[in-house]
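In the part that follows, the structures are each spelled out as structure tokens.
What follows is chain A paired twice: with chain B in the first complex and chain C in the second.
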Partner chain A sequence: MGEKQQDDSASAVKKKKETVANLEKLGQRLYDQMEQGEFPWVKMPSRSIENIRYNPDLRQYVLGERFVKRSARNIRHIRPLSQLVWTAFFAHKLSTQRKTSTLRDVYYSAQAYQMSFKDQSESDNVITDLETVIGLAREDFNVFPEERSAIFGDLTIEYNVPGYEGKRMNLTSHPDGLMIGPALTYSEFVKTSADKVFAIEKGGLFTRFVEEKVHEKFNALLVLTAGQAPRATRHFIHRLNKELELPVYIFTDADPWGMHIAMVIISGSANAAHLRDLTTPDAIWSGVWATDIINYDLPSDPLTEIDIKRLHELQRDPRYKDELWQREIKIFLKIRKKAEQEAFSRYGLTYIVDEYLPAKLEETR
Partner chain B sequence: MGEKQQDDSASAVKKKKETVANLEKLGQRLYDQMEQGEFPWVKMPSRSIENIRYNPDLRQYVLGERFVKRSARNIRHIRPLSQLVWTAFFAHKLSTQRKTSTLRDVYYSAQAYQMSFKDQSESDNVITDLETVIGLAREDFNVFPEERSAIFGDLTIEYNVPGYEGKRMNLTSHPDGLMIGPALTYSEFVKTSADKVFAIEKGGLFTRFVEEKVHEKFNALLVLTAGQAPRATRHFIHRLNKELELPVYIFTDADPWGMHIAMVIISGSANAAHLRDLTTPDAIWSGVWATDIINYDLPSDPLTEIDIKRLHELQRDPRYKDELWQREIKIFLKIRKKAEQEAFSRYGLTYIVDEYLPAKLEETR
Partner chain C sequence: MTQTFEEISPADFFYRNRDIAGFTNPSRAVFASIRELVENSLDAAEIAGTPPDIYVRLTFEEDDQESGIYKLRVEDNGSGIVSRHIPSAFGQVLFGSKYKLKQSRGTFGLGGTMAVLYGQITTHKPARIVSSTGSTKVYIYRVMIDIQRNKPIILERRVLLNKEQWHGTIVEFSLEGDYFRAMPKILEYLKQTALVNPYANITFIDPKGRLFKFSRVTEKMPPPPKETLPHPYGVDVEMVKRLVRVTPHQKMMDFLSAHFHRVSERIAEKFLEFSGIPKTRNPKKLDPQEIVRFVQMLKRFEEFRPPSAACLSPLGKDLLTAGILKELKPELTIVCQRKPSTYAGHPFIVETAIAYGGEIPKGGDFVLYRFANRIPLLYDEASDVAFRVIKSMNWRRYKVSPNMPIAVLVHTCSTKIPYKTVGKEFIADRPEIKREIQNGLREVARGLQRFLSKREHVEREKRRLSVFSKYLPKIAKFSTELAGRERQPEIEKLLRSVNTSG
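This part shows the complex of A and B:
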């Protein structure tokens, strides 16, 4: 088992510094404009549907060439511009004071500053504006989702959060898995003996994998996505792939929703077209495929009307143009069946680890 | 800070042994019946609505005096009786081999034994039958829910799961919190300096509490319920209260759904009338109350029709007969408003910790 050692680049700390620097640059720009006698303004790529396109080289959605400008000269812009500037101020405060927050929290916090948002969707939207302007995700300025997923396996990390600086933790320490929250998201990777990552949709299967020592037998880090992976988790998988150069294999239910959990880890969503570092284009959807329902004779349920409608949508989605996806969509539509990861238990609890997992790794490696 | 030291009773290990013993007793009974020339049969309390009543002494729902008998003599009973016996066999296998499973997994596993369930709700129901027969929760025979909640604070536990026997973990080790999965649920409590437990509905607030060092300032263990607390978490809170004698304070959103999250931790659900050790009758709902919306002038939303309907249901629910609950329900119905935990951020991010929390502790202690 070779061990990978990270260099001293300390990517998470670097990113935090970049965030603060970008926020301060934004502030500086506004000051400069005003000193030069200009009404302050901000320019950013438009996030309207017509300006979102799929980039086959980056293998994700990106924003096009259209820009929007918000200027204090325009009376209709004063409100959203002020909101944006307040949000940047608050994000800077969170980042430098090293406190975390949530989308909802930011909405309520605005009231402490007599900054008014008509509802949370307005403040969420301004937070996305800020992401677009500074080119970084809200998690970078400490606005985290409610949902948490988990990780287990031989990776030693070092914390950066207050009170834990320099402390290290090996991610096999707690057999139920460690939550991927703010602290883990921005920890540094110190050392791992793993040579791959398995991302798993369901909690039950994650626990099975831990119990059956998949992390040892397959030399893998196990990530529980708990359904659709939260953005912080997608960023974490991206880091495992990029910084540690670990290939990523994704296991989901065999249905359009499972496929899409895999796809969003691989190619991201249109909503995040203004961001980078949330996707893992080389990650592989290893199953459960429609083909597996046939080949392994899995217990299945009939597709619902909604499932079928969703499959037709995916068929036209540019992210799904590759052969594997098109083939599996066709087979789903042909057999009109779906199956869950747990369906392998019909062959015994450990069949999925003993037989299916090695076979699929061989097939998709 | 006094430290509580557990005696050697090792309650989690004891419970596991009790489970295996109860399952074996059930098997022995069936064998004895057959050896005496009887058709095998099983008797258990009826779980029909008419046999569920609220017990004010136990402060939870319990089953009444009606029993049902399933006998192989009755041709219509052969199928459910066989299913029950197979489920007991499988539960015994899980417990002795120390593997965990989920409701869904059990449903599929049956197929490995040519044991047929027409759908998962049939197998779920038989698992509940088995709980009723042996008087223990499915988590005791290693059938766990998908959902996970989390804990953080100065409690040292000792694992019982294979590969981790005797290993200890302090629950402040990971600042994102440790998942309450199978391993933590059945760990032994070794040592704590905490003198209370805060159960918290929302992930964002849980993280805020960790960051603001509520565990140190208030000498508390922090439990994230992540919405409605999973059964394993309710059992865990019960253990913290019973074994470590820690008072439990519950913080939820100020709406009927938040109230009910608190109530299910306190008094359990009608669905679990056949079980004990899942409730914490002395736990206290400390907020956010309807009263707090008024007293703290919190940002609020209007109650929906569904909220109001739910409040009327709760008003008639025997678990809600006490003064505090009836008063708060009335105030909700009067002001027609609800508020979220995050609403306190209107006074700044730390107001909830610096002002609200000490005030409410004083009020509900």
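This part shows the complex of A and C:
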């Protein structure tokens, strides 16, 4: 595994270099345009709904052929363009000084440079523009969202954030798990004894798994998505799958929303159609299925109207075209019931670990 | 039971019905007295062809200021009054020089006399009149009115030598009033009078000794109106009877072409043929029924030519503009003079103006200035035809939005203004007049629209430029830092191109 490690380490550093280079190239391009007496402009793929398509080969959404040009000659463009340039400048500063920031923090930082954003959604939108223009995720230029999820299991990582360079850490060292924040996201993987990853929707079940030593019994790394997985977490799961070649099993509630949490980890979202490396196409949704509600006779609630409407939407979604998904959607619509992960507690606290988990792993292997 | 009948004189009639002439209460009375005398003075100056210099002074009659008795003095540089007419001019109701057909300010012939009459009944003091026509003599009279007989009583008559060839009239009398309640209207009246007579100097000293001066901005006066004959569409039975009484002509042919406006021999002949009256018929022999029929036929005949506007004296665009600039001090003035038109045989001309910005107050409705024959109309605004026309217009079409600082002016001049009431404060909804006001206002509103559009365009350009000059330097600055360059790129040329490209 030694050789592979070297490559991985090089890739994280390479990515950082690529980010800085891309930002500088953008500045260079705009600078040259102005030097040539031209109004500065940028061109980027359009992110409008009509330009988002599903790519079956990549198994994720991608942007189509349409481009938009944002030019300072246009009175309606000049403000967003100047915001974009400032954001690039700020991202460059973050990257070269190896500092991180949050979306909210970027919004406030702008004011120190007499750049104004109407509200945070305007600044968030400009950050997405910058991702589209330079073709990299905001995490690459050190801007993270607020929400955090966690990981627990036998994986040793090596930090490369300032002050921690070279420092190693085993992810079993804290029983609550470790937050997947900026430092962990770009750490290098050193070694692991695990041979699989469990991604879990709910904090309660995550804690139960840690307590029941699922990581040891099943030789697994446990990732808490805490609802819809943040992009940093999706990227992290992508790395675990790609760099360490670990299969990924996803456990969610048995309802359309749980299904979609699994699907976004697998195939990504339309909002991130301009980005790559956030998806894990080979990850597996292991449960809880509609079928499980019947087979395990789980305590359940009736589906609401909104649930049913959502199921019909998913039924038509190209990401859901595979047999498993279509079958489960049909069963949901037939039984009109949903269940939570905690529902297994009716058979005792360890039932889910002792009985359900081995059975499902066998079934979805 | 026997009823007693008594004949009352015109003076007696107005004594009993002084409300009609605007002398309703002490406050209105002060206002009406000043107004009547100022208007007489303006007319007199115009007859003399001199730009008016009018001096008005109101003082407390006695030391006791609570009594509400004032002395009013109005002085002008007008044509003056011929000596023998002076007592009647101020001591006899309905004695006037205005019973001819031309545009003039008053029409009742009440003005001056009514003020003097009101003074007499509230203070029982004589009026003092000084006047000269510019001859070698100045005449001074002290007169009272014998109300029951409608005759002046001359208490004193003096003659002085007029070394300086002064011409004009000074009227001075006492009256009961309430100046402090009337003050806002009086000042508004003087301001609007100054607006519509920009060639006049008007000075007013109020009882507290405060001086209000409205100075002329031009010596140019509008051409004086010419007298004219009655138009066949505008006469009534009484008027025809009077004409018949005074005419020297013995044949209808000659009678028609001599006494009616714009009736040639050819038209007279056609009309007589149309109405079946023999050309040689003696007008003096027409019986009452024939006169009634004659008037009816006049109205039915469609080939009379419209009356000429030579008898009218509109202010004209230049004077109107000068007056508005002087009294309202707006940013923009647009004026319009409509072509002469007629209603019921009476010629009229409408002048309109819009003033925008500057010192014109913002907020609420437009300020409306109404004038009739160069008299400001200050009361009953909401009943006036001009007010209704303004209300009915869709101002948004002209880019006018609420709360803009806008004043609208409408001046109607005619040999006969169709007032709705004897109070002469608002003009009736005659369709012909309404149409002219409407067209006039539309024209000035279009002018305002052009101005507002142009300014909007300039402002938009300014805003545009400010956006570019705010953000382009930022783009230059941050891309310079991103690119790691020392020197910022040249953006002055780009900014200049924004400025000129519109």
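Methods note: the second predicted complex is superposed on the first by the 355 of 365 C-alpha atoms of A that agree within 3 Å, B and C clash if a C-alpha of one lies under 4 Å from a C-alpha of the other, contacts with A are read in each partner's own complex, and residues count from 1 in each chain.
Operating definition for what follows: a residue touches a chain if its C-beta (ideal position, glycine included) is under 8 Å from a C-beta of that chain, and two chains touch if they have at least 3 such contacts.
Remember, it's a predicted structure, so these values are computed and weren't measured experimentally.
Participant: What is the contact status of A:342 with respect to chain B (first) and chain C (second): first, second, both, or neither?
Facilitator: In the superposed model, A:342 contacts chain B only, not chain C.
Participant: Contact-wise, after the overlay, does A:17 reach chain B, chain C, both or neither (first, second, both, neither)?
Facilitator: A:17: touches no partner chain.
Participant: Contact-wise, after the overlay, does A:173 reach chain B, chain C, both or neither (first, second, both, neither)?
Facilitator: In the superposed model, A:173 contacts chain B only, not chain C.
Participant: Counting residues of chain A touched by each partner, does chain B or chain C come out ahead?
Facilitator: Between chain B and chain C, the winner on chain A residue contacts is B.
Participant: Taking the superposition as given, does A:327 touch the first partner, chain B, the second, chain C, both, or neither?
Facilitator: After superposition on chain A, A:327 lies in contact with neither partner.
Participant: Of the partners chain B and chain C, which touch A:43 in the superposed model: first, second, both, neither?
Facilitator: In the superposed model, A:43 contacts neither chain B nor chain C.
Participant: Tell me which partner A:115 touches in the superposition: chain B (first), chain C (second), both or neither.
Facilitator: Touch status of A:115: second partner only.
Participant: For A:30 in the superposed arrangement: first (chain B), second (chain C), both or neither?
Facilitator: After superposing on A, A:30 lies in contact with chain C but is clear of chain B.
Participant: Applying the document's contact rule, which stretches of chain A touch chain C when the two form their complex?
Facilitator: 23-24, 26-28, 30-31, 34-35, 37, 39-40, 72, 75, 78-79, 81-82, 85-86, 88-89, 92, 114-115
Participant: What does chain C use to touch chain A in their complex?
Facilitator: 464, 467-468, 471-472, 474-476, 478-485, 489-491, 493-494
Participant: Using the touch definition up top, name the residues of chain B that touch chain A in the complex.
Facilitator: My answer: residues 99-102, 104-105, 107-109, 111-112, 144-148, 150, 159, 161-164, 169, 173-184, 202-204, 207-208, 211, 213, 226, 299, 340, 342-349.
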